[in-house]
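A, B, C and D are the chain letters, set down in written order, and residue numbers restart from 1 in every chain.
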Amino acid sequence: MKRISLGMVGGGAGAFIGAVHRIAARMDDRFELVAGALSSDPARAAASAEELGLARSYDSFEDMAQQESLREDGIQAVAIVTPNHLHAAPAIAFLNAGIHVICDKPLTATAEDAAAIAAAAKASTARFFLTHNYSALPMVREARAMVADGAIGDLRLVQAEYLQGWLADDIAGTNKQADWRTDPARAGAGAIGDIGTHAWQLAAFVTGQTPSEISAELSSMVPGRRVDDDARVALRYASGAKGGLWVSQVAVGAGNELRLRIFGTKGSLEWAQEDSERLIYAPKDKPRQILTRVQDRSQSYRTPPGHPEGYLEGFANLYKDIADVIQGDEAVAARLPGLTDGLSGMAFIAAARESSDADGAWTKVKTA
Amino acid sequence: MKRISLGMVGGGAGAFIGAVHRIAARMDDRFELVAGALSSDPARAAASAEELGLARSYDSFEDMAQQESLREDGIQAVAIVTPNHLHAAPAIAFLNAGIHVICDKPLTATAEDAAAIAAAAKASTARFFLTHNYSALPMVREARAMVADGAIGDLRLVQAEYLQGWLADDIAGTNKQADWRTDPARAGAGAIGDIGTHAWQLAAFVTGQTPSEISAELSSMVPGRRVDDDARVALRYASGAKGGLWVSQVAVGAGNELRLRIFGTKGSLEWAQEDSERLIYAPKDKPRQILTRVQDRSQSYRTPPGHPEGYLEGFANLYKDIADVIQGDEAVAARLPGLTDGLSGMAFIAAARESSDADGAWTKVKTA
Amino acid sequence: MKRISLGMVGGGAGAFIGAVHRIAARMDDRFELVAGALSSDPARAAASAEELGLARSYDSFEDMAQQESLREDGIQAVAIVTPNHLHAAPAIAFLNAGIHVICDKPLTATAEDAAAIAAAAKASTARFFLTHNYSALPMVREARAMVADGAIGDLRLVQAEYLQGWLADDIAGTNKQADWRTDPARAGAGAIGDIGTHAWQLAAFVTGQTPSEISAELSSMVPGRRVDDDARVALRYASGAKGGLWVSQVAVGAGNELRLRIFGTKGSLEWAQEDSERLIYAPKDKPRQILTRVQDRSQSYRTPPGHPEGYLEGFANLYKDIADVIQGDEAVAARLPGLTDGLSGMAFIAAARESSDADGAWTKVKTA
Amino acid sequence: MKRISLGMVGGGAGAFIGAVHRIAARMDDRFELVAGALSSDPARAAASAEELGLARSYDSFEDMAQQESLREDGIQAVAIVTPNHLHAAPAIAFLNAGIHVICDKPLTATAEDAAAIAAAAKASTARFFLTHNYSALPMVREARAMVADGAIGDLRLVQAEYLQGWLADDIAGTNKQADWRTDPARAGAGAIGDIGTHAWQLAAFVTGQTPSEISAELSSMVPGRRVDDDARVALRYASGAKGGLWVSQVAVGAGNELRLRIFGTKGSLEWAQEDSERLIYAPKDKPRQILTRVQDRSQSYRTPPGHPEGYLEGFANLYKDIADVIQGDEAVAARLPGLTDGLSGMAFIAAARESSDADGAWTKVKTA
């Protein structure tokens, strides 16, 4: 099968998520990374491109979008792995150039940018994908399928958490990742944006429902920090279900404790990212079950159950499905996160802030 | 050592918590149950007393309080194990009679009753104990000692949960426990009172802090239920710490998932009732530790680590300490829950209701 | 219901297992401890008896057996909680006196003693119970019932382990428990007797099968130790099943890791003492299940699932059933460990030693 | 950095482990797969090669070895992913051609083949690597480093297990993997070879010691099966340490339960493949610790702790290190499994069979 030619914006030397995207694209050999605007610093961009063996390096994403769209062998898709405030401009440029966009989350740092991407996507023939990677893990997909099949009955309760401890101190000066993620100008939001959007998307992906209004308490626990590092959000669903979302980056001892618990009239499900290959299912009045991967429900996974796949394979599952969609198979498109997820995440951030600023007043979440 | 003669109000045939108190009182052989007013139905009271081999059975707690106080070999303490709305009258009667009171939680069903008990306790020479049993489990006490010793630094985050699933359906008609616990007149409150007060007391016991204001969302998920069966409460502490408390009795699949997580500037602690002999401690930037009982920190436990003690032993720890206090050893009094815990729990219930009625408005919690 | 009057041999001040038996006997209020020969030192026996409030203290078990059998209100049963080499003489004396015997495990320190007990039991109208306490835990009983019901099909594989770490160093001089347990004269055997018999009995209790021949490797890992502190035993069953039994007292870090795994043609079961309220069941080609207590299969347990019972409650379950049997209810007798278990344990110890001495040669296990 | 050109023998359509090797080689972009003799059936080889986009497809590995060694751009290394009995011939051919060999485990199906590979490796300028993938997982490497650093003191006890349940029934006729793995001619051995060698190598890799003699019991639990599907092996080390190794493919419910427990005079370590990112460390008389990845001990891993890497990443770690060695960095060579591991595994299989045939007689294990 012919590999899809891929470009990348951002992800030069020292970047974290760019390397993850590259591994994910490579995992199943469906993409070939051939072009990049890996850094806003041209020299560094060129050095990184050479290090990675890219065929074509550009000084700017604008050049890249223009020139690649003119080449016969130009890239078919581009991965955007820059900080949040630098998502919109390249996304729009490539959408305008008819090149598919694979964008890291959250969508953008501002509502204006989000709207601009939405407009560009609407006008483009190209597709827009947002890499909410956790939703591509096998047992998360299984949970979603089970909810859709009625395994838990009517949804009553949701609890979504994402706890990290790495920002328990002020390390912005010494840690590149911390630096931009705690800068309001570049990140747009703190924990609520960086990991809150993951928890928000995960809950919606699995339950098939999005809260209609929320009450939020955003906090900055570390003195001097300019963005939130802890957020508690109460959730109300139009269906009558209730829920909570709690994310923190000052939860000392936590690595990446993304965890979802949902309870319905007939059963409940529990899943945790750090033990991602197990899904706990409690049908009412019956013993709990420890579900693991079932190969025949999804032939796409690479190893049998009991040989754990993890974080990188989740990303790779997205890339694999994206490849299928780009090459014409629409069957998997429904499970791929995209613009709707991105806009919902931005609406969540906005409502959380509005509510928190109003001392937790219940606030409607805009729908896309 | 001479055993303390004990009486009991409530706890006749078919009652759950009365039997638990009796086992707890017997476990370490410090009490002898000699008298009872086990039921408001005299015939049933007498039959239950005979079944249990009690020396003296009374038709009413009033008679019991009066007559026992006149006997030379009268009871020194009484356990009150009636439904919540029937705590105050006997508690006051025995306090007035100079007999120590060991009362099941929550304190009462109404604020008025709580105030009346407080007044009686103040006027009495006898003591008042409230059986918040979970706070007497070894690793909970260890957690409290560690927090006091500075193991987690300054408190930042608290998450207390108590999830049950047994009331996921309307079973009031067929289950005696469910019947009174979902009746506003007898229970006073639903999940917020029955298990919410446990979570509230546990968090306060371990952290040494009580929230100053809360924002609550009480729900009744089961159609027709007249009390709350799910409650989410956001917590603000005067110290700047933030927290959440979530209790539910419709969490299908949950047995008694009381769980506390606390995070400070230097470390975190996590404990769960269903795995009560382990305490997870994460000192900042070091590996997590699985703490178990250390015999020399508390000689009082009955078995070496690795031979689990559980729910009944927690209750028995309370009774053992109460025996020590009654017999003159004040050293353990500080760790025993009592009137302050009871009043704090009532204030919590009241504030939670007030906040929930005001659409989650932040509401001050009265201090005792 | 009338309480059964109970005596005790051994279990004076400082003893561990005597206190456990007393709590177990007290837990459900079916026994009243009235007499004791608590120590071979008469002064200490008397002091311990007074401390415990016993009605009658004896200088020797011989006196106790004789005199109690003559009293109208004499004890109906006696608990023998002395070191292993002191089980036989009192057991025989009380059996001869027509008083039921509740004996701690292993049966004895020598084969001769075991045979003598067996003869006395045969000749007596009284019963003999052996306190293999773990087999009375709810989920162990559940496992046994499931195997009998065919839940795992035909048995293929057994793995029984009991790991402790407390004897990783030579502490005989400073630890009373270690002192007699590592003395060949008093203990008879080391780990193989102290905890090996537990693992052996547990496997037999659950599977309903006893190995027909074994190959053993007994080791003394601590320099100077005169008994085995680690034992590995391969098992062959007449049915064709195979297994392993591994016990150790030098497994640093282990508390009381008694664990049983059994695999059949249709499913498997896994249980661990330190998490005793859960039983993992894997039916073939279906998800694993986490089984917990089911109240209606056994009304006798004291708390609902999710409120853990533990080590003491296991012992108490034995005492409760023993009380039922003594008072005429034979229904539960089949699940109570007794002489057959004791003799099987002695045969196991003997075969293990014989095999180990013969460099692991496969050795038949005598049947009672 | 220039990618290493890689060839592959075996691994055509439908093969399992070939695909795993390809992902592993691709993960860190250090290899480029350019040539293959993917099947002994030339047409199928060609079709598979086209499907994978290989530059050069060969009808036989002999042709491939010869022609690639003549090309200037010939492959530098070859991955051999055929069934066990087809390892030796290609391995020797490529070693003779001066091309590095990356061979799947176990080394071969017969001792003769193993000796022949050893001779060829000795005579060759090329290197021989054996993909014992589990030993490349981060926490396994951490365990090895800790043992070497003295964290557990002197080794006393080892328990290595690898339990699978997928061969609980006779599925050879319908499952390609089962078919050759249960055929003595192609596999050489059953569970003892397929997974026993993994457990054997893992224990040796971590402890730094190899047993000097063993006593084994090999069984075939499934009627008609011609190879062992369950093996229990007792281990004696020259140092005085003792151990056990248990592998099974009829352990219903088990996925890939590779688990290692080791106990020394000062501490113990426990690791399980299905939870591979955690290592439990119990220093004597201190709380257990849950160790996770530490980035600065090994910069090579791709994600921060808390974002699980798994089975594929373990394989990829091998490929990454192999690339380093091939490109001249000897620093990591010591941790890479190779011929010594392979020969040790063959000696283990031979000794296990000899012992089992002699009714478990203790049998010396030949050293390479």
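Note that in this section a residue touches a chain if its C-beta (ideal position, glycine included) is under 8 Å from a C-beta of that chain, and two chains touch if they have at least 3 such contacts.
All figures in this text were calculated on a predicted structure; none of them were measured in a lab.
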Neighbouring chains shared between subunit A and subunit D, ordered by label: B, C
B-D against A-B, pair bridged by the larger set of C-beta contacts: A-B
Rounded Å distance between subunit B and subunit D, as computed from the means of their C-alpha atoms: 55
Length of the line joining the C-alpha centres of subunit B and subunit C, rounded to whole Å: 35
For subunit A paired with subunit B, centre-to-centre distance based on mean C-alpha positions, whole Å: 43
Residues within subunit C bordering two or more other chains: 254, 288, 292
Residues of subunit B touching subunit D in the complex: 281, 287-292
Of all residues in subunit D, those that touch subunit C in their complex: 152, 156-157, 159, 165, 168, 215, 217, 219, 221, 230, 232, 234, 236, 242, 244, 246, 248, 250-254, 263-268, 282-284, 288, 359-362
Sites on subunit C touched by subunit B in the complex: 1, 3, 19-20, 22-23, 26-29, 51-53, 164, 166, 254-257, 273-277, 292, 302-313
